[in-house]
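Would you mind keeping the following structure in view while I ask a few things?
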Amino acid sequence: MTLRGSLRWLVLCGLWLGLAQPLHAEVLVSAASSLSEVLTVIAARFEAASGERVQLNFGASNTLARQIMAGARVDVFISADQTQMDRISADIAPGTRIDLLTNQLAIAVRRGTSDVKTPRDLLLPSVRRLAIGDPAAVPAGVYARQYLEKLGLWADLQPKIVPAGSVRLALAAVESGAAEAAIVYATDVAAAAQTSTAFVVPAADGPRIVYPGTVVKSTRNAAGARSFLAFLQTAEARSLFTTAGFGVIAPATR
Amino acid sequence: MALFDLEIDFTQGHFSLAVSVQTQARVLALYGPSGSGKTTTLELIAGIRTPARGRIVVDGQYYFDGNAAASMPVRERRIGYVPQDVLLFPHMDVRRNVEYGWRGDATRAAMLAGLLELEPLMARQVQSLSGGERQRVALARALNASPQLLLLDEPLAAVDLARRARIIEALTRVRDELAIPIVYVAHAKEEVRALADVTIVMDGGRVVAAGPSASVLP
Amino acid sequence: MSPEIREIALFTSLAALVATVVMLIPGVGLAWLLARRPFPGRSIVETLVSLPLVMPPVATGLVLLWLLGRRGPVGRVLERIGIEIVFTPTAVVIAMAVMGLPLLVRTARVGFEQNTHRFEAIAETLGAGPWRVFTSVTLPLASRHIAAGALLGFSRALGEFGATIVLAGSIPGRTRTIAVGIYSFTETGRDADALALLGVSVALAFVAVLASNRIAGTAS
């Protein structure tokens, strides 16, 4: 290798080492992807208010839980359901687990083209396919199935059901016309341009959908992690969550 | 004059080779039809193949000794080998080929450059060389490594008739001026007569006749 | 192009480049070993190397996560010397390198399987030792295949998704690559940004394929 070539590699490696510096005094938050928009805004407010730096890592709650179980150095974990939070119970910093938010199910349809007004309308022949999250894996799908079973519609609707890998994919099926309707979270419908909400499942009728959060035991920035979790319960954060369509739960550490 | 003491047993698949020759020669020719084992014999001397039994000794230098189960590593043999397809390194230009095995003998390098008329070729890519040019470059590459023995496999095969005389002249000068013993594979009588003092006639892996070229190849 | 998109594109290209450099030495070594040195357990090594090619990338990511996580057999040792992998740019490089390696090995191996033994023998008659024979003859004669393999590995690294998101997560400004970014952006309704990244990825793929065609062209 020529001297110039070696130099080039040296520069490259140097650049890389610079990039790969470990995180210092930052709060790394692993959160369910349905929270990405609102949490990005809230994290910025938190940074301004506290001087801490926040890194956000969004993904499917079950993947995030698995990463924590493998020992990923996460400071705060916010799950889209209790099951995934229960899986990491050994990694929860004692006394920090808290139920933060609620969400509701909603029926999404293509904007302006549907005669679906109530859940029973899903039986109409004009609804040929109904997209939901995969009820075997995706929390939103589990909730959708529970709800349809409670209404006694599951058996009749089952031939129409298209299981999707995520809530967003269920919505994409409606956007593209592959499905006439989807059952997703109320907060997701707003994010998709081509769809509108036909029906929001009243909190009393639907399954209880709760987003719990916690400080992870292995954190190196316990103070920062705790103050971030606390910030999510301030009036400022609550109003942002509400605007995004989430319900907020009164602080109740368990 | 070099003393050749070859006692070789070699088998590969259905082909078996048995050579037994003790002779003195400056240039030893291996003569015979294709498939008679000439090239295999060269490769055995070079060390690219290993005999099952026997010995390969040239001027007292043991290259292979079946009794002691000793085979000198190829790179220590100091044998210059120019195969029929010359095998110039395709990813190097002529100069890098010629200098590949150079042992620092500047006088020899200069002499070879003149003898083989290499200067105009030095910057060329080997793909652009003619058959005769390749042969000259391969010869220079082998000789630059200061070999104690030179093996040539049909050096004239890829050279057109008009240029053969020049190669023969160059080989004669290598023989006379560098005084390196040569083993030479050929199947044209005139060529053998012009260069080799002793000829071994081979057929089917066996030595059919051996002796002074003039008497073996009338 | 927004600064965020540009940063993701730059980071991904750099990470893929580093991953290619990282996989080059073990990749060429393995290719040579598999092509030239029959050894006991060769088929097992061969299978292991090719595994990421046939396994779902997410599964490869899970295996890496299990190995390199702080509680994993390798991660535990690394933690003791102060190195953490999961959720770092290094994790991105490792995921990319592991996924790209089989392509490099399989392509480079063909280069070493060419019949160059006689060239090597000639080099030996000229006094070259094993290392010189390898570096001056074997390696250059396989260089075109190695280059093509490296480019394939690089392209694979550029598009790597499944293993990356499991091992490195999707942290903006830190581990978010083009592929992970496209996924995250579509997941969160940022379709315009996803589209911009898609454009970048098409452009990069175009350049990579063009380069590999040029290498293939000079080979014939």
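Chains: A, B and C, in written order; residue numbering restarts at 1 for each.
Note that contacts are C-beta pairs under 8 Å (C-beta built on N, C-alpha and C of every residue); 3 or more make two chains touch, one makes a residue touch a chain.
Predicted, not measured: the structure shown is a model, and the values here were computed from it.
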item: Chain whose Cα centroid lies at the greatest distance from that of chain B; value: A
item: Chain closest to the assembly centre - both centres taken as Cα means; value: C
item: Geometric centre distance via CA averages, chain C-chain A, whole Å; value: 31
item: Euclidean distance of C-alpha centroids - chain A vs chain B, Å; value: 77
item: Distance between chain centroids, defined by C-alpha means - chain B, chain C (Å); value: 46
item: Residues of chain B engaged with two or more neighbouring chains; value: none
item: Chain C-touching residues of chain B, taken from the complex the two chains share; value: 46-48, 73-75, 77-81, 83, 87, 89-91, 100-101, 103, 141-142, 145
item: Chain A residues touching chain C - in the complex, by the definition given at the top; value: 9, 12-13, 15-16, 19-20, 22-23, 28, 30, 33, 36-37, 55-59, 63, 66-67, 69-74, 166, 168, 172, 188, 191-193, 218
item: Chain C residues within the chain B interface of the complex; value: 118-119, 121-129, 136-137, 140-141, 143
item: Complex contact set, residues of chain C against chain A; value: 11, 14, 17-18, 21, 62, 65-66, 69-72, 75, 84, 86-90, 93, 165-166, 169-175, 184, 186-189, 191
